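Alright, structures below, take your time with them.
What follows is a pair of complexes built around subunit A, which joins subunit B in one and subunit C in the other.
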Partner chain A sequence: MSRAARTLLAFGAAAAALAGIPATLALGNGPAAPATAPATAPATAPATASSRIVGMRRLTEAQYRATIADVFGPDIKVAGRFEPIVRPAHELIASGARDAALSPAGLEQFDAMARGIAAQVFDAGHRAQFVPCVTPDDACARATLAPLGRLLWRRPMTAMELDAHVRMAGAAAKAAGSFDKGLELALAAMLVNPQFLYVVETAVPDASGALVLDDHARASRLSFTLWNTTPSEALLRAADAGDLRDPAKLQAIVRKMVDSPRFEAGVRAFFADMLLFERFDALSKDPLLFPYFNSAVAQAMPEQMLRTVTDHLLVRNGDYRQLFLTNRTFMTRALGGLYQVPVHKASGWEPYEFAPGDDRAGLLGQAGFLAMYSQTGRSSPTLRGRAVRELLLCQPVPDPPGNVNFTAVQDTANKAMPTARVRLTAHMTDENCSGCHKLTDPVGLGLERFDGIGSWRTTENGAAIDPAGKLDKLEFTGASGLGKLIAASEDAPICAASRALEYVRGRPSDDSGALVEALVKAFADDGYGIRGLFLKAMTAPDAWRVEEKPLQANTHVSLLVR
Partner chain B sequence: MAFDLSRRTALKGLMRGAAVTVGLPLLDCFLDGNGVALAATGSQVPVRFGTWFWGLGVNPNRWFPSVAGKNYELKPELAPIRELQPKINVLGNFNVLLDGAPNLPHTSGGPAIRTGRALTADRGLPGESFDVTIGDRIGTRTRFRSLEVSAIGDPRNSLSGRGGGNLNPSETSPAGLYARIFGTGFKDPNSASFTPDPQVMARRSVLSAVAEQRQALDAAVGAADRQKLDQYYTAIRQLENQLDVELTRPEPLQACVVPRKAPPNVPVNGEIETVMLNHQMMTDLLVMALACDQTRVFNMMFNNGASSLTRIGSTVTHHQLTHEEVLDNKLGYQPEATYFLTKIMEAWVYFVKALDSVKEGDRTLLDNTLVFAHSETEFAKFHTIDNIPMMTAGSGGGRIHTGIYIDGQGTPVSRVGLTLQQAMGVAVDKWGTKSMETNRTLTELVA
Partner chain C sequence: MTANPHRRRIAIAGAMAGATLLALAAATGLPHRATTPARAEGTAAPALPAPPPGGVLAFVVQDFVPPVVPGMDACPHGTAPRLREIYLRTLPEAEQARLRLKENEKELTRLWHAYALGADGSNICSQPDRFQHAPFPPVESKLGYGLDLDGGKPGKDGCAHAEFESPTGIQGVDNQEYRALGCQPEIRGPDGNGGDALTGMKQFHTSGEWTQVIVLKGVDSLVDDPDVEVIYANTADRPEIDSKGQFLRGVSFTVNDTAPRHRNVLHGRIHNGVLTTDPADIALAETWGQGGARDIRGNRSQYHYRQGRLRLEFQPDGTLRGMIGGYRPIFDVITSGSLGGAGTAVVAGIDCAAQLASLRQYADGGRDPKTGQCTTISSAMRILAVPAFVTDLTAADGSTPKHAAPNRSPAR
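Showing the complex of A and B:
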């Protein structure tokens, strides 16, 4: 059995266990054995009279890759450049995905990737797993494409859609002179279709007449939120059976999904979005000033943060608030240099525990956070303070005014102003600036014992660093002091809950006070466990509602003349 | 030439009439029938349009000429363009009007110039950028409707798009740009043999089938999603078009010299020498993409708005320097920050020269191109967005006059976008929104 097939079987079994379906049943009809998959398709379009498309959320790069690995096996390579999804200010990329259009250059890349994937799927090494028949005819094309289409589009293809793809395969086979080539092009067409590149959310009226996501849209939302990948066979079956609109069955399914090891992928994606990890792609540090910074360190930084997060929240079932206090983390050799701690393993990760009272405790003492919110050549109390407020407490800090005057800020070479505290205090004498800097700088100044890449230091330009900080009216010392304040603050769990809801729905939660409150309560009842938070976010009936938007004409009129 | 006369007449009508609507057929004929100067061979030479962006403006009193008109004075920071001055226009004193929207530092200026709209939230572009509009006019027959390039290597470093979450991502490395232009699918226009690839033909029909499935989706979506679908199907059409080009025997192009091999993989980061080198390599590739008629529209981003350019060993970036470096009292400017501006102008000159060094008939590639260069602030230290420095290079095939300093006298910056679109044949008589809506063409620019 190929690696891909093995993975698919394992996947199918896990998924079946989750949805409470006997494994054998799910396996028999799983993607590993497409021959017996249900090829019957409803004759109606997915959007029936009562159902409407209420949203289209573009797949992220991670979701695209995970989907391909799950459907076709992890040995299928995805080679190409993904058009970035624009992050709206103060929002998640999950919200940006709802706005994300595709540019011609972006689609060109998706097209190339689709053809690359399809060519591998039907090559000599793989085709047997996906082509369940011998005679190269339309019936065989149909039997091959129907189950793949169902997995890729996260719902059964309609008869019309399936017919179109079978015709496409036939025509292409004739033109290219090979049956497999025809299948390849039809599969590539599925992979470049908006039904694949976007998670299409369809909604139907519930008993009260309010619009709620329909069965298959629910399966997608559950799977992409919790596992960051396409719905499994088992989940699609649950959707087929209407289980996802039955509160008790939904509760059981979500419970199993958050208890599954695959929830880790969802938690990673959520925190990467919440903490703006795309910034790591562009992270650069001056090699002369920071000899400890290199590509191994740059790669390890976000991974260290995510390992800390998932270990604390999932492996240990920890309290979210304790994430800012925990002494536990993980190290690589490369990070050992930066942290100045011994690392035994020459390669890979090993657990590490800081001594009690170490200022490194919690996420805020991690090099990734400290380096990301620094300038290329030095630390930045302003950026760090702003990140703490905006990302962890959901307190937006205004942008600097347009006509800002920076004359009060002196250059770093000035001997009279050796430390950031002295320089920023000078800057704060300007009334126009002090309003916002009062929000950010006192928070960030408490982290000044970490330099531009998060290495420990006690002096800057020869002058001792004072690690005193202030968050609103509360004074603290160092990263661990700030961590304690965040952990004790009311805003931190509210912020996490509101972000989780935004992540689930792909839109900001500002207008959903009651729902956020309910989430915070569930979060608290679960001892601030991440599982409890997402369990509630995925089962609260209100979270499945969509607000009605009138169908209206295109608001943007292009000057385009065709 | 009769053509010149008729166009002048048309554009004058456009400017002087209060709200003249220009009929499409008239403008059409400029481009498709008689609009383009004929090369010695008798075949038509295409007209190209592109932008060149740099972040963080200039030191205004050391860059802008003092007096409007021809033979403008070259102050120290503009001096590097001396050799090319007859082909370069400088535009000053045009204002960005935000109608109460916040001036988001380093973010508001660029989109305002490119879309004629004020950015109301930091959410991509507030509307379609005019390079895209021009691309819809002149760029539909080439393999690529446009090519976007970021010399500093950030795919998000782009001011080109249709608005609404759509941003044309930039190519980030010379090797990537080479693969895109000259890799699979490239047909050498000067190659003796040509056979259409049956696989490409099959792909072409598959894409048509994808496009045909649009109706079912369209019926069920709301406005926001329909807009996304519009953009998706526009992209599909572009892809179909690309395949059509691959299936058509290309016209021989004398200026097209295909690079023999891919450029080496080089580091991509904000260090100024790296960016200069990448900019040179990417410029050379882009110039050949134009000469080989793979695209007629381009967007080159030298650096980003809040420039993250650095010099090795320095604790601060270009952006930080503009804010934090003290004004040198003797010099009257910030020497460290200005160092980067010197490099930027050096890069701009390289770019224009590269276009000017390619001969197309009795003209150069630059003569057949209109390049619009601009920044996003006037003086970065204070984030000022009035009087943002702008230039044009090349005459777009004789469509605009060159070698002039144009003083906008505080009028909206959208006049520039309007004029350049009209010069490129876009049927538009007024452009921009709210205070930036204008129908006032820059008459002194129009040839």
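Showing the complex of A and C:
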């Protein structure tokens, strides 16, 4: 049995157990459902007879929240703690999501959130939006749950699935003496079902016999990749109609999606994943050493980077490579103090443009990048250099061995070794360390005019800071110098294209050289615009191919009726 | 403007349009408290950087505190007594001795609390003029900080008084408020180095309830410039502080465009690195925020400095240090205590009536031609202002632009 199947089995059992209702669920390969759907869209439908489950990708917190807001409205509160998805080494969280399990404690959190959401959906202020009937009977429960299930599970529920939830609602309504309480429980069960918590990818053979994602799996991938939320009604209808397997129609749909304002959410999620923004959650700095760092600054740092990214790539349709050179960014009052620049608005964000030649230009000069790749009490040329190589150039750097002596590097108050350059030079006399530090430190030392939170400085311990750096054989000065090298590097757009493909498919693209090359070419042809990159990534026929071993035909998940 | 971001000098947003004034003075380290007095005129100016292009500098006021010459020499009889002690001194010695016994503390407390109240529901702090108390012992030292407000002798609307000499040698210092109240324990402190009033003022400024900013326009030189416009205003914005309570430099503030509570436009000059302004009425916010059962948070009063003026010295570290001086209506001086009402008297033990008597005795300005009594008193506050960015949304002609000017990166 594959990992996906095992996960599905475990969660199916957990979901039913949490709901407290016995049920029988056949996931994916059930029989055809009776036509109970609204006239405009099928509420229940059979899965394609030959569909196979080929992967399961857990929803991120942002995707979960966006889905709830899209399906039920933004006023429905989601209160709870999300168990994080572990990032595999040198990969994206999008890849980790494919392998993400849930602990019992994490599932309890999802259950609590589900019950809270369901209670709000069927409270007096909301139920009229979701309950299309008056008589409190099974037909009404069916009419209520079928469209919600379709939106939450991103495909029509099978008849068996819907029947099980209707029975669940009826049993709970009887026990609680409330029709709405029954609906609540059934909805909560849907929300802790792995069909909701995971994007279940199903595939069918194409004309050549190769497995490709099926219609509804395509809709989910399109929507979660490009808009970071659940498929819209229009996209589900396109899936129902088979449009997502028609190259021309698919091209038109993707074009429309990348031109939509909602593409910003997808771009934000992609860059947050690519640049390891989860590190911001644990970002802490010594307040005595860095008085300009506070909670407002910590919150603004990632947002500044994302605003810069989306403004440049989406609002201005900018060249990806220019992200490392752009003078434009956004400021808040809190950030203004750190940057020592004026901010007119007392609250919120306002655009800001650095002077030509300012070393702040580009993402590498932004406080968020510089602070994230620093230590709590000092800057770190090593972390910064490693981040540049790994995140922007896709050049993995090995982890340090476990027995490293960091004394020389950490002794920042040593007047005999006043600057990071001097300390790291001393550290590199250790042969065990020098191999990797030669890859990272010459890059990061060029950013040393920014301290551990990204504030500007020219001296350290009274000694002048030398901002000279070296990337491979190319010398540079400061963040702007490094930005120019990154922008001119062939590796940067290749890395971005490779990451985009990994983000789309949820698995590393190391074995997809030809597809990455095609993406890079499309990227270049589009002037290195992000829309062109994702347009190609979502429409290339090979991108829909799945190479994972499918479930066996006779595999199914069932929860036996008592 | 330069592209070199590490240049250490006064920096200014270059071609700022409209009324958006942005300035960041040089910074060579973290801000620190004012511990030195304003340099006497005539001494050599420290090395100062060139003014920024555009000639606009801005600051946020970190310290706005009563200037106290340290030590107990000024108060040879000790600090002023608390109301409890003042009440006891109204009694025969034998009765004082009896009430001072520990077992009679409860009775004494009841009595001196009653001493703070009037028969008509008044109390000694809300209606201090209804109580006739003797003034406090004054500061007896010749040394005091402040400004020479009257040129060495009182004018026709002033009253005769002794003048201080500053510890740095400035003659003719007028600060009768210090003389009247400088021996109060809240001002002097238990060791002569400053009391709770100084700490409290710092906290009020840190809270952002009455943040003050100073904007200098048309500055051609930090050493000598005969014509400088000075905006001394309040902002609703709260300062950013470090873990030691010091204001951070280079933070942005806005002088409110919809309800500018106080925006004083002054004319001044710079001579030998010292900025002085012409006498003018200056009004600044004074919001008292103490809580408690009688919560007076948000009660607003004002600092009024009649014939007020600034004397501020440019420092090599980019800060401004010096004084504001002027004549304050005597009731303004005890506004805080008055707003606190009976609590000021029976909890803090402050005798507001004695304060008022002292202020009346030493008042030296605003002489009432009918009574011959002076109604205002010379006063001074020590100022430390650190570099900041200030967006002044109130145009020079009094109109309010709809939008601030677009950003420009200042040279750094």
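Simple rule for what comes next: the second predicted complex is superposed on the first by the 491 of 562 C-alpha atoms of A that agree within 3 Å, B and C clash if a C-alpha of one lies under 4 Å from a C-alpha of the other, contacts with A are read in each partner's own complex, and residues count from 1 in each chain.
What we mean here is this: a contact is a pair of C-beta atoms (placed from the backbone, for glycine too) under 8 Å apart; a residue touches a chain by one contact, two chains touch by 3 or more.
Worth saying up front: this structure is predicted, and the values here are computed from it rather than measured.
Answer with first, second, both or neither: which of subunit B and subunit C does A:P104 touch in the superposed model?
first
Please indicate which partner A:V343 is in contact with in the superposed arrangement: first for subunit B, second for subunit C, both, or neither.
Only subunit C; A:V343 stays clear of subunit B.
Applying the document's definition of touch, where does A:L288 land relative to subunit B and subunit C: first, second, both, or neither?
A:L288 sits against subunit B and subunit C alike.
Can you tell me whether subunit B or subunit C touches more residues on subunit A?
Greater contact footprint in residues on subunit A: B.
Which of the two partners, first being subunit B and second being subunit C, lies in contact with A:K473: first, second, both, or neither?
In the superposed model, A:K473 contacts neither subunit B nor subunit C.
Can you pull the subunit A residues that subunit B and subunit C both touch?
287-288
In the complex, go through subunit C and note every residue touching subunit A.
Touch list, subunit C to subunit A: 1-6, 8, 13, 20, 22, 24, 27, 30, 236-237, 240, 242-243, 246, 248-252, 254, 389, 391, 404, 407-412.
Which of the residues in subunit A end up touching subunit C in this complex?
Residues 287-288, 291-292, 294, 327, 331, 333-334, 336-337, 340-346, 350-360, 449, 456, 458 of subunit A touch subunit C in their complex.
If you look only at subunit B, which of its residues touch subunit A in the complex?
Those in contact with subunit A are residues 24, 102-105, 108, 121-124, 127-128, 133, 136-137, 144-148, 154-156, 161-169, 176, 198-199, 201-203, 205-207, 209-210, 212-213, 216-217, 219-232, 234-236, 238-239, 242, 269-270, 308, 310, 312-317, 320, 323-327, 381-385, 421, 426-428, 431.
Which stretch or stretches of subunit A touch subunit B in the complex?
My answer: residues 45-47, 51-56, 81, 83-84, 86, 88-89, 96, 98-108, 111, 115, 158, 160-161, 164, 167-168, 171-172, 175-177, 181, 185-186, 188-189, 192-195, 197-198, 202, 282, 284, 286-289, 375-378, 399-407, 409-412, 452, 549-556, 558-562.
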